[in-house]
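Following are the structures in question.
Okay, so subunit A shows up in both of these, paired with subunit B first and subunit C after.
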Partner chain A sequence: MNEASILLFIAIVFSVLVIYWISIAVSLVYRSNRTARLNKIELTFADVVSRYLYNDPANPITLREINTTLKNVGIKPENKNNIQFLIRLMIRTQRTILGSHFYKLQQLYTQIPPYGVSIKKISSWSWYRKARGIREIYEMNQSQYFDEIFKYRNDKNIYVRREAQIALVVFLGWESLRFLPYLKRNMTLWQQIKIVEKLYDLYPKPELKWLHRAYKTEKLFGKKLIMRIIRKYLLHGEIGYIIDNLNHEDYEVRETAIYCIQTFAVPSATMAYIKELYDDIPNATQQGQLLNYIFENSDIDLDFYMKQLYGKNEDLKLSVAEILWNNGHKEKVQEFYYQQYPKSVLNVG
Partner chain B sequence: MWDSAEGFFGSYYIYWISVFLFIGYGASLLTLYLSGILLARRSIKRTKQRSIFLRAEDIVSATDIPSVTIIAPAYNEGLTIVENVKSLLSIQYPYYELILVNDGSKDESLQLLIEEFDLEQQDATFITQPIPTASVKHIYRSKKKKYTHLTVIDKNNGGKADAINAGVNFATTELVIFTDVDCIIEQDAILKMVRPYLEEDDKEIIGCGGGIGIANDSVIKNGILTELKLPSRLIPMTQVVEYIRAFLLGRMAWSEINGLMLISGAFGMYPRKRVIEVGGFNPKTVGEDLELCIRLRKHMEEQNIPYKVVYLPETLCWTEGPSDHKILIMQRDRWARGLWETISLHRDLLFNRKYRQMGLLYYPYWLLFEFGAPIVEFLGVICIIAFGIFGWINWPFAILLFFAAYLLGCVFSTIAIFMYVKSFDHYTKPKQIVELLLAAYLEPFYYHPILLFGQIKGYYKKLFDITSGWGNMTRKGFKVSKSKESKA
Partner chain C sequence: MRKVLVIQEDIVILKILERLVSLNEYECKAIRSLDSLSIEDQQTNFDFIITDILFEGIAPLQFVAQVQEVIPHKNLLVVTNMGQDKIKQEIFALRGVTGFYAVPIDLDEIEAIIQAY
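Showing the complex of A and B:
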């Protein structure tokens, strides 16, 4: 290495620096222009939609006029970013409109560009484009592409299969639950939440026969999803499924069961059964959560609480002591602590 | 062989060994930084793509999302505590609680909180304490309906780590966020932070961090950052560049290969269950955030549970950086001591196959390049002076080499700024970008020597067992713009 080679290296590094200066400048200018362009598209689209929905008989808007207006602000097949932005606007607008205007808007969407953009994305090699395509199809309710989407329900990419499974729910409703036992790959929490939300928004009337078919699932995510559905729809008749999972061997299934049962009040016979299950739960934190549920939803069962007070876990004993102390059984707590520390001064209270 | 310093530094072998060691060290660092840029770029792109499928507005309307508790310790923060708590209370998330831990403040913090939020004392007899802490005196909750999600724990002083542990004990939610009470958190920060937990698949998320930005001289209104300005002074302005580089390039790159060993104590989210399992923060170190993250990772490795530590590229938390060199030295002195303590506490990780990549790659990196860098730099300065005195240095060549190294540093900072400008819209004015670039290019002459001094000072204290705690980091405070309502 000599001075000449260092000088060459410096020249190269300096060139890289200059390239990045230029990139920063270009990025700033591009961002400014792009923001202005997107604002223009957004305003134009809002104007077109409002004029279409609330048509003024004196000045009616025609489809040809809509298409020309959109073209003038850059909605052309070659401007893929603009098209993508328009799709986002269309989905966003559709979500906020209800009733007859919703159907009118859907009719409009079938007659204006972009045409067939989302279905083309599905054949892309990129998971990102594929998942976006599926999302757009179900958000725009293009049920004619259902068969294309259906095959991706077990895709190895988490986003592709998630969007495909949500599409199943959107298009098939409760019936989609019959596929639950046959799904092969894991379902994330968000996937479960999104399925429950979509089902509830689009199909508010429960169809229990499909739910009962889904009970066959042995998949842990399936069990969690079913419990979340029971909770969301407040299906009091189905809480047995949740209760059966309170002492499941899997931590997360138990966690979901404890979370879901908290939405329901149960009769005393069922509560007695829950108390029996309490001792089978292998995790003290979860026992604590269930203890709170039992306390908030039933009368004081002295035998049950005394058994827990003389149990093994210190944190649980403290929780039980608090319950007894605040519910007219101070002497039981004092007796318990006196037995433990017969020679010390009691600080409780 | 070397009977004097002159003999040692004048030795031909020592000279060449030193030259090759320093060049080898620099070249390794350069390679790591270059790989870091590529990994960070990929990580940022993937995070942005994923976020399209899980938008904050979708999370806000969902019902089964995990509940979150923000835990903020406070010690003698009376001057700003009410404003700060209001800021933390204004965060958007459907199921969240705020636990403020008053760590034995000697000022009127508690009284101010009681008056402002209409707090009433609760029974604290039966508090469970899975993590042992200094004794809790009282628990307070607000009588006002709009502040039902606020809890104040008043406890005896035990330090920041101890205060956070008390908050963890009291929290009942699935996830906990640790932050400093004087941080300004973005309104949608929790919505973004829970994303990785919602998308958790085969690997459990044991920690999630978000970008932290410097907001000196910015304008705060009703606890919300309304106008982000670049700091007017050079030291905090250089920290803006330093934070962009560290969070956008460094953390994102490590996140991509699941190699993150640190989630900043100013803003990090963890599952409460795991924090309790490892016994919470270690109150015996001043680098408690790094230490907790490493301990959590070790715990998961020992349990053989697949896990991930992730970082989000967005700046979700704004903090006030040291405004002058004295405070900066104090801060870096503390960070250096924290690093020393943590590296020493977990030395069993070094090349330990049991901990897989963590023992074979991540810990050695921290030891060599995070812990070792100030020492190498310091030794480098000594060698330059010594070899210069003994006439071993070819000055024209050395100056060219310095300039090349300087330019490389400038390139890395410029790339970080470029990636930030491209991805986020915090700094969009050309003037701001030029100022940031200038600050980055001046950094090696003004800011970096101060950092080095602070770090070496910290190491010196550890080496000679000089006791030193957290120290008082005097803050000037943000510019608070009062709303019309509050003025009236």
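Showing the complex of A and C:
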């Protein structure tokens, strides 16, 4: 390698390093400016919201002033990142406030930017942007876009339809249950819990008319969702629906029914019916769970327990023996075990 | 004039509480952390301190104890994202805490307390 090629090599390496340093410097300056801009937007938004919620009669803030102020800090249609940041701030703020000021805040949100950014996301080909757009719309309660969202309730993408179904609950409340029989795709356990929690947070007063309409659903996830709603709202008058599903042919529906019935105490006539259903449950583990419920919520029914003691499943027999033994019927348990070994001799002393 | 100190890291909650307090005819000092507290502030006897408990580098209970020790005050209201029952019990066990409000907060409740004072 001669001198010229070494110099060339050094020049190339040096140029690469210079480019590298310049890109780092540009990145640092950009990040610093960006952070300053975001802080400014956050501060301005905080100021605007506080002045709107607590408007000083001596110096009132107008909507025009709010929009101009936001525009001056960079909330413009062409600055999509700034608008996205503002949306996050709006949602975050809305989550921190309750009561009359919450509604006042919602009123403000309908009158300030973000220039329909969320609804534009719904037309995106990306499922992530679509789901995010739906979420932003319902979080900010922009009910004018309800029709757009409604059509995604059966979307093939799980996240899109999940957000669309939650939007239905947010906008329609209990009435959204009337669409339950017509949902085509499966609803995960997580989604069911999210719907129940959202409904409970936003619409704490039950409207049974819509619940009864939802009873028509044949979908297994629909049945599970209804039972979870009955449990969450402690609808004692509706526990018949849960009881009817205790012996459902599907394992998960039975599992949900057993889980939900445990929240309720039932009268003795209903408990007698549950005991009848007990034998129809084809899974021993679930029978064991129901047995615990029966034991904890009713008096000792000797006939019922004796029938189970002489049943087929060994684990269940053990549970029943334990119940009888601890509740004043030791002799019945002893009799049951002695008669299994009629010819054995006691080997004691 | 009656004085209130608001300590909140979240700038939106800070500004809202500052505004709420000011419009109720209190003099308000609003800061995002204890670092911004001046020596004069530490000698002021505040009618209310409205504070968060979640700050970097210090445990929530320690923070409340520190505020109680360092800043003279008559009432201490906690407004925080950490609304778990256990935290609430432990905060009240410290004594001297007038109220505990977990986010989401109803601002009318805080306003009522301030107005009633």
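Heads up, the rule we're going with is that the second predicted complex is superposed on the first by the 247 of 349 C-alpha atoms of A that agree within 3 Å, B and C clash if a C-alpha of one lies under 4 Å from a C-alpha of the other, contacts with A are read in each partner's own complex, and residues count from 1 in each chain.
In this text, a contact is a pair of C-beta atoms (placed from the backbone, for glycine too) under 8 Å apart; a residue touches a chain by one contact, two chains touch by 3 or more.
Quick caveat, the model's predicted, so the values are computed rather than measured.
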{"item": "Touching partner for A:Lys232 - first (subunit B), second (subunit C), both, neither", "value": "first"}
{"item": "Touching partner for A:Asn186 - first (subunit B), second (subunit C), both, neither", "value": "first"}
{"item": "Touched partner set for A:Leu98, first subunit B, second subunit C, both or neither", "value": "second"}
{"item": "Contacts of A:Arg51 with subunit B and subunit C, given as first, second, both or neither", "value": "second"}
{"item": "Touching partner for A:Leu89 - first (subunit B), second (subunit C), both, neither", "value": "second"}
{"item": "Which superposed partner A:Ser319 touches (first subunit B, second subunit C, both, neither)", "value": "first"}
{"item": "Partner chain(s) touched by A:Trp21 [first = subunit B, second = subunit C, both, neither]", "value": "first"}
{"item": "Superposition-derived comparison: subunit B or subunit C, residues of subunit A touched", "value": "B"}
{"item": "Partner chain(s) touched by A:Asp299 [first = subunit B, second = subunit C, both, neither]", "value": "neither"}
{"item": "Intersection of subunit A interface sets (partners subunit B, subunit C)", "value": "none"}
{"item": "For the subunit B and subunit A complex, residues of the former touching the latter", "value": "49-50, 52-54, 58, 61-66, 123, 125-128, 130, 195, 197-202, 273, 396-397, 400-401, 403-404, 407-408, 410-411, 414-415, 417-418, 421-422, 425, 428, 430, 433, 437"}
{"item": "In the complex, subunit C residues that touch subunit A", "value": "10-16, 18-20, 23, 103-109"}
{"item": "Interface residues, subunit A side, partner subunit C - complex", "value": "42-43, 45-47, 49-51, 53-54, 56, 89, 92-93, 95-102"}
{"item": "Of subunit A, residues touching subunit B in the complex", "value": "2-3, 6-7, 9-10, 13-14, 16-17, 20-21, 23-25, 27-28, 31-32, 128, 131-132, 135, 158-159, 162-163, 186, 188-190, 192-194, 196-197, 228, 231-232, 259, 285, 314-315, 318-319, 321-322, 325-326, 348-349"}
